[in-house]
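As written, the chain order gives the labels A, B, C and D, with residue 1 at the start of each chain.
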């Protein structure tokens, strides 16, 4: 149950963060040029898509990690809210990015730094969880243990790329956002190394 | 667990999308003609109802599909966020439809296309999941395998009807919305072909 | 799994409906008489509390019903979104009641009717589920079957009280709201008849 | 199942309360001094962080308590919505605190009292659940019973500290908020006494 409830909290936060993004899509009231107004808001859709894909990928990666966990202790439990903090906060920089990505340079730069900074922290807290499991192999199934150093490295590198995005934001905010989008695309295409993803469905066991 | 957590994410997004629809129901402040104002907003209630029923039906259909799944792999896992993207975005075209269905022709047409387009993409990504399971029968319980070609076809056809709704929107936006509502009603009445829905409840097993 | 996923959707909608109520509590910006303004908004807190308790009680009652279910079929599955529709919509009449309960008579009457009408529909769709299980005893554990007629009657009567609240609203909206509050209090105090609530926790089984 | 569904509702409310906090982070539109405006809103971030950590800690503590529960009865079930009421309401005083913590003395005092009062009620309803389990040891696993008096005391003391925060608010609202933050930090650092947190993961059992 312990890990079951942890999954429930994690999946709840992921599901809500994914779904709350919709609240910031443009809903102009009483516009007489609706198509024009909606098309003009294209950064909103790009920001929505990048954030959605990033959260979705993170969920898949996190799912891969947790499917190899067979026990949890309190220290591991404490790392989870830290990670969830940065997952749940994503709609905020996303909304700001949608509003300001096309704005003045100093505003666009600020939101690019804020966006990549949020993703950096999310990646670091994710890597922090991987690292803890790598150091405490008794919490992990035996078959998955050899894969944990690679998994922790992948999570850490995925997070550190956002340091580049932060640096680039000072030259070109658009280029910084392009890096954020590129990370999402890269992780969507590449495959994680953790085994155990073809699992027996608990649900269909009786059929 | 693998599929259990997948269910948790899916059900979470469905539950939140269903519930977030309520945020766009009209809440006029300090009106002195409240009944008149609320009645005037009838497109909001129709849009709410059609979207709610559509999401509810999709959940039942998806539940039927997943109850036959006994294992998941990473590729199947990746199809899920694509499907959830279009489930979670539904409150957005719903709110626009509520605002503009009665408005000028070009605005009503735009939101009719947007609404049916969202539903089209939702149907296509749903059919994409069915198709994957049909091509990878080892992920499906043996008793359910014969039903998968019909299930995939049904999901695909259900999605493609929205192409008609998009085309009709250029002639009559209201007729387009009527098609969207008709799809929801049709799927609510007809029965899916996938077996396995009378399952032993895990919860009451001990009683 | 079938019933497990149904529980997940139901519990998700309950949890979100409970939590979305908070969005309509008064958050005046830049007030210089905050205490006065907050106290003036007392109908918001009463409406919040009544809706929260009503949803909470419904969850407990629904939990009692479902804990006796050992299998589900598609027709039962279809009754669920109908019930969830009225659970998830509760934040809407709650917000209107908070705004208009103290307003002019015709506005207060309208929101009292809307509020009690929502609760009536919620009660009727809940009773509809009970009734279906009563008529299909194979879906229910043997030990719980004798209790189902009483459970269905209780749910139906609980719903029908709101008919009284609707009628009373035409004389006195405040008295109508008082009946809504009274139903919540009554159900909180009285005990349901369905056995099976002391169950073995799945989670602690290993301890 | 009984306790499984209870967990689902609880975890859902926790996950949503954690995630709804993001809706009140500042999203200034069309600002030409975005960085300045965002920095000026620092109380929003502090309030966000304190509320997030408090809810996260409460989830961990509650998880510890529930992991020792092996059965639930209706009276225990009824204590849960009372606790969840105060968890789900937290975004409201958080938003007010973010807005008014830097404002005039009487406003800052009001929100400091409201914030600490919410936390007090949350702590008391949490302790109420502990106490019930302490008095009904058959609901608790044998190995965990000796730890329940200490757990109930810890929860009660954790709640009563907010009485101090309420009193201090009349002298210095900022000092009152500092106490709220201190409680979160203290509970994050200290360890709860309830055993059973290193549990076998149900999910990874098949690997």
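Structural remarks
Note that in this section a residue touches a chain if its C-beta (ideal position, glycine included) is under 8 Å from a C-beta of that chain, and two chains touch if they have at least 3 such contacts.
Note that the structure is a prediction, hence the values are computed from the model and not measured.
Under half of the residue numbers found at the chain A and chain B interface occur in both copies, marking it as a different-residue contact. The most distant chain from chain B is D, comparing centres defined as mean Cα coordinates.
Chain C and chain D have Cα centroids separated by 25 Å. Counting partners per residue, chain D has 1-2, 4-5, 7-8, 12, 15-16, 20, 23, 66-67, 196, 199-206 as the residues that reach two or more other chains.
For chain B in complex with chain A, the touching residues are 1-9, 12-13, 15-17, 20, 23-24, 66-74, 77-78, 81, 84-85, 88-89, 91-92, 95-96, 99-100, 103-104, 106-107, 110-111, 114, 141, 143-144, 196, 199-200.
Listing the residues of chain A that touch chain B in their complex gives 7-8, 11-12, 14-16, 18-23, 25, 27, 29-32, 34-35, 38, 48-49, 52-53, 56-57, 59-60, 63-64, 66-67, 188, 191-192, 196-207.
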